[in-house]
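Two complexes come next, and they have one chain in common, chain A, joined by chain B in the first and chain C in the second.
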Partner chain A sequence: MSAVPVLETRGLGIRFGGLKAVDDVSLSVPEGLTLGVIGPNGAGKSTFINLVTGHLKPTSGSVLVDGKDVTGAKPWVIAQSRVARTFQIVKPFRGMTVRENVAVGVLYGPDGTGRMSTALKQADEILGEVGIADLGDRPPGELSVADARRLEFAKALALKPRLLLLDEVMAGLRPGEIEPSLQLIRDLKARGMTIIVVEHVMKAILAVSDQVLVLNAGQRLMLGPPREVLSDPQVIEAYLGHKYATRQAQQSEAAAAAEAAEAAEAAAGEAATASAPHCHQREARNPTPTPRPALSMRRWHQMLEVKNVSAGYGRVQVLWDVDLTVAANEIVALVGPNGAGKTTLLRALSGMVPIREGSVSFLGQDITGRSIERIVDLGISHVPEGRRLFPGLSVKDNLRLGGWRNRNADLDRVIELFPKLGDRLSQVTGSMSGGEQQMCAIARGLMGKPDLIMIDELSLGLAPVVVEEIIGRLADIAASGTAVLLVEQDVDAALTVAERAYVMETGRVVMSGNAGELLADPRIQQSYLGIA
Partner chain B sequence: MAAVIPAPWRRWLPWALGVLGVLAALGLQTQLYSGQVRTVATIFMFVALALSWNLIGGYTGYASFGQVVFFGLGGYFAAVTMTHLHWSFWLALPLAGLAAAAYAALIGVPLLRLRGHYFAIATLGVAEGTREIVINLDGLTGGGGGITVPTVGAAAATKYLGNDGFYLVYLVLAVLALLVTGLVSRSKFGFAMRAIHQDEDAAAAVGINTTRTKVLTYALSGLLTGLVGATYAFQQVTIYPERLFDVEITVLMVVMVVIGGSGTVLGPIIGAVALQFLSEWLRQNYTTVHTLLLGAIIIIAVVLLPQGLVNYLREARRNRDYSLLANVRRYRL
Partner chain C sequence: MTGFLQATIYGLLQGGLLALVAVGFSLVWGVMNVVNLSHGAFVVLGAYLGWQLNSSLGLDPFLGMIVVALILFCIGYAVQRFLINLVVNGPIFITLLLTFGLELLLVQGMNIVFTANYQSITTSYAGNAIVLGGIQVPLGRLLAFLLAVGITVALVKVMANTRVGMSIMATGMDRGAARLMGIRARHVYALTFGIATALAGMAGTMVGTVGTFNPAAAGGFTLLSFVIAVLGGLGNMYGAMVGGLLMGLVQAWGGYYLSGTWVNALAFLVLVIVLMFRPSGLVGKAFYSARLEV
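Showing the complex of A and B:
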């Protein structure tokens, strides 16, 4: 092993406008290490890879490969210095065979040859290594999702890399397909290759990483051995929200205290005190613990009924057999780790992604396969991830566009919910703060007086205070006659405001029930971080 | 067809077909009368133009909607040097091509940073702008009044080539464009072009210097277009900016490539021959409505075969499905 790290970043950062997508990340990756990189949505993981491989130019800091400064070098220069990458969305060269796809890398890689026959022969060897030797003559468009991922691997290996950066190579794979990919990474690791794995599948991170880097909001949150990192309160907080982490810490303290108390065979009174914070806390979360008696009465009719729904993009199936219901005036939370299929489910419900199997009924009508505008007409409103406002239009115009379903929708009603918008009606939405934009997006969704509003990633990029303020309005929205289906990263916030919740993992609903009970369930943390 | 020929010979098949094609073209010339020679020469001209557009637009995926700028530049380079400097056509021709290539490289460096329709619009703008410059350099180019290449007498360094002469020059240029395309399509460089077409980020990620590849391809494409433009200028004797920088010439190149099959060797040839032949036939038989019919046929062809004839046949053979309806559905999502 050489003393010089294969990859070193010093204060690496990039700004997109006002957003620091990667901020001051310093890191040293010695030869032979497999580094897992994790972090919630928008943490800057892919951006980090793009900075290292030259696909983005850093606005600050530097990148060193083998001690050589390559900051701002073009991607092909980096590739020639034996740094290979895969892309999160596979990028095969269509119109070439699988073999030719790999041959391009051999021709133009660091050991570039001009001989086509040599390149094709080497390509075949590499296809053999990744286990798709028999598919060389096929066009890449015919490959299965798993094989297309392997091709992406093969294209990277064609560069004979010393450092390999894998951007979500497990995404979209079925559980059974993950193991062969892991084995491939282990084999490369055994050959001494240095590997950086960006991955949402925590099981994969745990299986192959020597060290794990956690990014959060573009910054290096932590670096350490996988299990240590994944059970760290700060990491739990990044994934599940601040309050969740705090409660979890208190609970484990309480548990530890209880254990200690038992071990000391203390008096029964002491044990009672030890468990006290636990009870106290549940009360704090729900200041009026009296169950709402009207609820069961109201739920005589399930407004939205999702049955055995499967959906996906192209050949990638994302949702498998999803069941879900929302009753009138109910708030339902949908939580789960990145890539669980939450956004896809909302998109399927609003008709943006075709439903392959199963059915959706709304207010007693079958709406499976209906067009987007028809579904909006029937009373389902979708506030998409990232808000998708019309940034050049004023707040008022944005809101009026939301009134498409009901031209007489009154502005006053939504402004009453979000009074801040009232002061800014003539302001261009693109110039408002993230929180105000989110309010505007939700208000726009409410303009048509929908019976159900689906909000995707309400807190994305917002400060906690703002999130609290907006989440606080959800109960009013539900009370005014619009049920809420909420997809939210901040698990604590979501489960606190919701009555019921569903937990999704790799395209399936794995848990569901009373939101308060789920909040206390350790399996939630496991589904996010792989370990409880 | 290729399947019945033994493998070692298959390599030479395209060459054999090429030689046969050239011999047929030479034989054909002896059988045609003068007007027809001119018509077929125009077909060769468009074969060369379509093949050269195909390099940048088809293989590399950069739709150059201002390709006529190299045609016009080559033409004016030849006309100006032959008129003012009394250069021989045989000297002016290659240098006109090089001038067009140099111009392509010059504008390519900034323009090829743009992608998709931004690139298309920018090249269109450069073509229009260059025409204006040519008009305004009237001391050199004769401005809007045009410039006349001396073809007879002492002032003419090269005597006018006549229909038969230009037939041969265009044939040579078409063969040259075909050779370049054939070699590029099988070479390492061709792989880089196709990779850039499919995904530029992925191409860079496997070590391809995308900027260099794009600029070189654009220069090569400009070179061939410039050679054709120079020949055209000499053939026309008197040239005007409006005619040599006519957007329609670009449009024809694009349509021929698209109909025949972009990113293939044979596609542009088939497209150019079919469209020119059809256009001529319609003009002679349905004089009053010939452009209308031609337009309708182009629309139908593009709707039914959006990927072009050659690509359609290739896919149909692989999928064993020759249905045009299925083809339309596949491409209309």
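Showing the complex of A and C:
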């Protein structure tokens, strides 16, 4: 190993307007290391890779490859210094065969001889290495998702890189396709290549990384050995919400205390005791609101019933065989790590993504394959990811558009729910804070008086206090007759307010049940972070 | 000096009419990201319909305009609903190709039905002029100008204050979000296109009363609409007004000082200069500018 690190960043950062996407990240990657880079949505992982490979120009700090300063150099200059990358969205040259795609990299790479015949031969060797030697003559458009990812690998390897940056190479793969992909990384590792892996699939990170870098809100949160990092309270907090880590700690303490007591008394019924402190806590935080009318009659009526639903985008299948129900007046949380398919499920339910298999029924009607507008008419409201308020329109106009369907212009009900909106009716939504925008989005979703409101990523980009304020209103919404299906990053907040919850992982529902019990279940942490 | 003032007045009057020619084009582009190459053909079709109503029924063109608007609204609605909606999600190249084909059909159709001869709609009063301090203001042009400005302002008001207008604006801003409000995007698109062709038709009838036209003029109107829409700010209805007036003035002044062929060169020079300093147009792009993903 040479003393000079293959990659070094010093105070690296970039601003997009007011947002610091990557902020003061210093890092040194010695030769032969495999570094995993993780972080919740919007942490700046892909941006970090783009900064290193010259696809974005840093606004502060520097990037050194082999001790040489390449800050702000063009991508092709950096590629010439044997830094190769893959792209999250595969980008093959469509008019060429698979072999030619790789040969281009060889031709123009640092070892390029300018001879097409040698380049094609080397391309075949590389295709053999990644296991798609037999597909050389095919156009890239015909490849399966997994093979297209392999082509991405091959294109990067064509540059004979010393440093390989892999951006989400497992995304969209079926569980069975992940292992061969991991094996490929291990092989390259064995050859001494330095690799940086950005990945949501924690199992993959655990399987190949020597060190893990955690980014959160653009900053370096932690760097260390995988298992150590993934069980760190700060990291758990970044992934699962601001109270989750402390709660876990309290619970394990309580459980330990309970065990001690049990040992002393030698009494039976340990299971009940272990979960007792938790239940108590839940009640304290979430006092049951006003009793819900006619609850007993409607309680068991499965208002929304999702059966074996599969869906996806283009050739990438995202959802596999999902089952889910929501009863009237119920609050149901849908949690799971990034890329689990939560947003896609909501989009499939509201008709924004076509359902490939399975069925969805709502209030006894089959709504599979219905248009978005029709589903809205039947009483499902969807507050989409990113809120998607109408920019340039006032809060009032946004709310009125929410009631467009049923000509509802009565704003009092939603203002009662979110009094802050009442003071801002004539303000243009773009100039409000994120929290107020989210309130406006939810209020807009309620204007159509839906029977079910689906809220996607309620807390994204919001401060914890604001999240608590908004989540606190969900019980009122449910009490007034609108069931809530909530997709939320802050697991603690979501499971505290919900009655039942579903945990999704790589497009499937892996756990479901009483929200309180799930909150105490260590498997949730495992599904987010790979280890419990 | 009188010559310059005369040119200025003429330019303003012509500019108001050009604004009405372009406003529908700008609306369609802004709301659904379709560059409608058949827009000019609808202008000419409006002129012919107004002419036909006038010559066979004796209907005054400024009244006939209303009938023309209704007919063209129906045609426009159907064209969008059953034709352009089929490819509206495709790449912009496809909609360009489709509307270009539509333009050819319309223009050749009009050549067959109305022949390629120049026509104009004659009234007893349009030729009269008010004379103010030596400057002639032709009555027909003044009427056309006032109506054009009035219609454009009314359109802006309708967009901002009515249920239909709100649904068009919302769909233009973010189609996916609008659909989540229960707004039928396909219907809204068809309405928008219908409104655009109705406006084009009315503009066409007025063009016919103040000058001559034939089917070959269609391409020129599309080009003018394009320039005016970009000049004023894409999708911005007041932008079309400002762009139209500026274009009218540039043409009039150019015609006053320069020889014929230089006038168009001057018009495009103005476009280039404006875009160099204000890339999103004089008034600015409409805040709704076609977010199309679901």
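One rule holds in what follows: the second predicted complex is superposed on the first by the 485 of 532 C-alpha atoms of A that agree within 3 Å, B and C clash if a C-alpha of one lies under 4 Å from a C-alpha of the other, contacts with A are read in each partner's own complex, and residues count from 1 in each chain.
Here, contacts are C-beta pairs under 8 Å (C-beta built on N, C-alpha and C of every residue); 3 or more make two chains touch, one makes a residue touch a chain.
Everything numeric in this text was worked out from a predicted model, so none of it was measured.
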| item | value |
| --- | --- |
| Partner chain in contact with A:Phe390 - chain B first, chain C second, else both or neither | second |
| Comparison of chain B and chain C by chain A residues contacted | B |
| Partner chain(s) touched by A:Gly448 [first = chain B, second = chain C, both, neither] | second |
| Touched partner set for A:Arg400, first chain B, second chain C, both or neither | second |
| Which of chain B and chain C A:Leu159 touches, first, second, both or neither | first |
| Touched partner set for A:Ile372, first chain B, second chain C, both or neither | second |
| Touching residues on chain C, where the partner in the complex is chain A | 163, 166-167, 169-170, 173-174, 176-185, 287-288, 294 |
| Footprint of chain C on chain A - complex, ascending | 350, 352-353, 371-373, 376-377, 381-382, 384, 388-393, 397, 400-402, 404-405, 407, 444, 448 |
| Chain B contact footprint on chain A (complex, rising order) | 53-55, 74-76, 79-80, 84-85, 87, 91-96, 100, 103-105, 107-110, 112, 114, 116, 119, 139, 155-156, 158-159 |
| Sites on chain B touched by chain A in the complex | 186-188, 191-192, 194-195, 197-199, 201-211, 263, 318 |
